[in-house]
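Two complexes are shown next, each including chain A; its partner changes from chain B in the first to chain C in the second.
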Partner chain A sequence: MEVKEWIRGAVLVAQRDLSRFWRNIYWLAGQVAMNIADLVIFAVIFRGLVNPAFIPDYIRFITPGILCLAIFISAFSIGREVGIELRREVTQYLVSLPVTRGALVAGRIMGGVLRGFLYQAGFVILAVVLMSMPSVDKWILILTSSFLLALTMSSLSITLSTLTRDFNLQAAIRSLVYFIFFFVSNVFYPEKALAMRLGSAAPIAYYSPMSMAVNLYRFGFNYTTSVDVLFNLAGLIAWATLSLLFAYKVYIRNLTR
Partner chain B sequence: MKNPDLRNNLKIILLVASWDLMKLKNQKVFLAMRIAWFTLQVLVFARAISYIVSQGILAYTGGVDYYYFYLLGIYTSLLYSTSISRGYVVADEFDDGIVEYHLSLPIKRSLFAVGRVLGCSLSTIIFTLPMMAVVYAILKVSNFLSILLSLIFALLFSIGIVGFVLLLVFAVRSADLTDILVGAIDALLVRLSTVFYPLPVIEATGIAPYYVAALMNPISHLSDFLRVLVFPEYYLVLRQGIVPTIVYMVAFSMGFLVIAIEYYERKLEAGGWK
Partner chain C sequence: MKSKAVEIVNFTKKFGDFTAVDNLNLEIYENEVFGLLGPNGSGKTTTLLTIATVYKPTSGDIYVFGHSVTREDYVVRKLVGIAFQEPKAMWIDKPYDLLTWHARIVGYSMSDAKKIVREVMELLGLWEHRNKQFYQLSGGTRKKVELAKVLIQKPRVAILDEPTAQVDVLSKHALWDVIKKLRDEGTTVIIATNDMFEAERVCEKIAIIYKGKLRAMGTISELKDSIPRGDVIEIQYEGSRIPEKLFASLEEYGRIETQSSTLRIYVEKGEEKVLDVIDLFRKNNVKILRIMVKEPTLDDVFTYITGAKLREES
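Our next item is the complex of A and B:
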């Protein structure tokens, strides 16, 4: 009975977060437009500038990266709201709800994951069109990667947003996380480019959750076959588990202090 | 100064501007983070992305290496984003009720508006100085005149952007909606500029609205102006020369400053911002 109540509480919180996602329709439309604009700009301009010796078709190369970006944006939207709640002291209301703290955190993270899935869905279809149709086992791999990445990003976002009440600082933290995850990864450029520019520090990029997810997407959508699926999947599981634990501890501590 | 009124007015403007400058003292952590991510962008992203760009780009940049071309672009986009966030602070003040306090000050509304715009712009310049230093150190810029002109035009640019954000804040009157709108405009304007690609490359795509947007974009004008200052050979890329860019920058800045003052003065009366 207690477990049932716990799950009910978490689902209610997740539902609330999901319904709030649609309320920011202009923000959502703006984000989708930006992602599509990125793809178009990459397709129309950058594709022609890239040396084909490194990347023969940049649009196919970057499409899995856009999938990661979609997860990041949507899952991190939870963090943006958590930050606003903290500044406006809505958190007092949240902690007074008749749900356990664990269910509250689980619900919020679940809300972020669902947002990630929904937001990414359109871009997944676009990836099928631009790249190729994955087989059934690859679909499972793609969906698992999306789930793990959304779980990681959602957990990180709600935790990081509670570190400060300052709006600008919250935005700065989000941006710093974005830059670290995306720039120190093989989302925008191949590992070879990183190796040439970063030298012995380049292997750091292998451990980025974005690199891991983008590798799995590239494998899933048949862009490449030379991917260590086990390493990347295990890495994503490790990231998701650690972020989840981190979120559980820090989010509650910051809400109640 | 012989005119006591003018001296008084300047004193008031500086006093109001110092309000924004003083806020910088409390933003050391924020500044450190900005420097960290900017350094990451310059040393990792820019270097890696320029590695995969074909050498054919040199034909469009007047022979300027893509890495160097891009550095001045990201400095401009940073200046733009910082100006936006400085202006956005005003939206937060409406929410926090600080405006009521400001209105109770014995200061003329127009002077107050000039002081706020100037304060936001000056704090933007101070805030982005370390990033400018990083870029200019990589580019080995040591010419005093180039640095001075860069700072002057960066300030003009920032005044225009802050004025624009103030207009937006008054027009929208909601911190949440302003946040969303400003974010969207921020992302869109940077994409539709010459931050990443030179104008001839954009023109070659044949998409006229994209080309026109990039041509009219203040971010394009400042980044191209800085490129000409640092790399005189980039002048060849600007088909119309540098004068239209200078005129544009001055008009953009002064135009938005005047409109912002007018709007600010009018909207502040009788709770017009609510």
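Our next item is the complex of A and C:
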């Protein structure tokens, strides 16, 4: 089979997922708004948790976190659709098309990546306004981080959605993943606060893809210079690779009975 | 000599402990409209979905123009197009977008895709519904969208799973013509149906599947002829009774049923016996008001072969 054919199939599948994405744009806006509202409540009410001594400027601190949030919500939406399609057997239509299974899975994952990338774009502009304009090399780092995070989230969401056809269970798993990734990370709170709350378990948070991405964003938008770029980038690559392989295997296994 | 479009060899499909299809063997030849007839749950859809590579055989194999569905699934998908029993779309999808994307994925360029989609939508009376969302469409219109996918694709093997279910009678006739045209243009058509009239109207060959097993296969006339004494000579005569002598003579032809002044004789090759029957009535001075020879229906064939009534089973 020609590579050209494979790529064409994957691109068209991704294009389909992207075109559907715009139909849910208001739903996604609502999701982001609700999450940001939660953050503001955290920031304003739980002053002890977000100690001004640790973070003097919470808005600038949290802006890279919102970039992660935008990627999570938008890239994860692909899993929601994959789940609905499995339940309603629309998947049968997809697997009957003249596309290889590999191209189909790749297209779906890329669909999620593109959703994350595009949806985040507006928030990236906001970050430039609220923080600072990155240099060219830092732009490359930011875009690479976004790509890897979107790839991780898209793959994970597809994996989780195909593990069970029970909608309630899917929603619960999604919430659990959100909780683990965001609350056990330094997206909302600084490392000092994490160490205080989690004690010796705090290092777990450093291995969260959200922590890694947010560290790279904070470095990219010049919020901080004390970031181990290599560790965080390598970590994100590892997350993306493992998630991708896992999604590929699980989705393919569930596509054909 | 026609080549084999689809060859099903010892095909079995199990879902857990349930055997949906049990050791099925079938050959479907190029350029014919082949019907799979059976009640719901008989294994028709499972067979069709396996031909379309949606399912994998538990054992055995299926070949489409010589390509195995298990080893060359991608090649098979390039040869096969399917219109599903339940339309496969999300409720917010719009027919035009759905079909345009379908045209693109089956190989059309964007400009050609737009052209063929419009052509097919107009042919099926779907154009006015093009921008409605799927949930706004009637069941029959959704089925037409499914059929449109196959017409756009023009595959070498078209699989139509109950293509006219939920479609109104007028549209049914139009769709049957469309299906025949598809065949005339070089596509082998496989139809799953439990509508006997549809099977008689469009299929050249039929396989009867019941409880996952193949029970009979042949042309419609072959299947009908397979029922011993399947033809019925129905006579409406003057008066309320017929002479005993005439009744005894008629009994020699086959089993008789009477109801008021109507008499039914179950015979083999009714068209050959009807003249003799008329002659017997004339000799016994009983006036015939109306006489007709009826062939067995596919329902009769199904009942004879499976011992079950197709309509009741469905």
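Basically, the second predicted complex is superposed on the first by the 230 of 257 C-alpha atoms of A that agree within 3 Å, B and C clash if a C-alpha of one lies under 4 Å from a C-alpha of the other, contacts with A are read in each partner's own complex, and residues count from 1 in each chain.
Here is the rule we go by: a residue touches a chain if its C-beta (ideal position, glycine included) is under 8 Å from a C-beta of that chain, and two chains touch if they have at least 3 such contacts.
Just so it is clear, the structure is predicted and the values come from calculations on it, not from any experiment.
Participant: Can A:Gly9 be said to touch chain B (first), chain C (second), both, or neither?
Facilitator: In the superposition, A:Gly9 contacts chain C only.
Participant: First (chain B), second (chain C), both or neither: which does A:Val95 touch?
Facilitator: second
Participant: Considering only touches as defined above, state whether A:Ser19 meets chain B (first), chain C (second), both or neither.
Facilitator: The second partner, chain C, only.
Participant: Taking the superposition on A as described, I'd like to know which of chain B and chain C A:Thr256 touches: first, second, both or neither.
Facilitator: In the superposition, A:Thr256 touches chain C alone.
Participant: Tell me which partner A:Ile84 touches in the superposition: chain B (first), chain C (second), both or neither.
Facilitator: After superposing on A, A:Ile84 lies in contact with both chain B and chain C.
Participant: Which of the two, chain B or chain C, is in touch with more residues of chain A?
Facilitator: B
Participant: Based on the superposed arrangement, let me know which partner A:Ile173 touches: chain B (first), chain C (second), both, or neither?
Facilitator: The answer is first: A:Ile173 touches chain B but not chain C.
Participant: Indicate the residue numbers of chain A shared between its chain B interface and its chain C interface, in ascending order.
Facilitator: Chain A residues touching both partners: 84.
Participant: List the residues on chain A that touch chain B in their complex, please.
Facilitator: 24, 26-27, 30, 33-34, 37-38, 41, 44-46, 48-52, 54-55, 84, 166-169, 171-173, 175-176, 179-180, 183-184, 188-190, 193-194, 196-198
Participant: In their shared complex, at which residues does chain A touch chain C?
Facilitator: Spelled out, the residues of chain A in touch with chain C are 1, 9, 12-13, 15-16, 19-20, 23, 81, 84-85, 88-90, 92-93, 95-101, 256-257.
Participant: Quick one: in the complex, what on chain B touches chain A?
Facilitator: That would be residues 27, 29-30, 33-34, 36-37, 40-41, 44-45, 47-49, 51-57, 85, 89, 92, 176-177, 180-181, 183-184, 187-188, 191, 196-197, 201-202, 205, 207 of chain B.
Participant: Give every residue of chain C touching chain A within the complex, in rising order.
Facilitator: Chain C reaches chain A through residues 15, 49, 52-56, 73-74, 77-78, 80, 82, 84, 86, 88-90, 92, 97, 101, 104-107.
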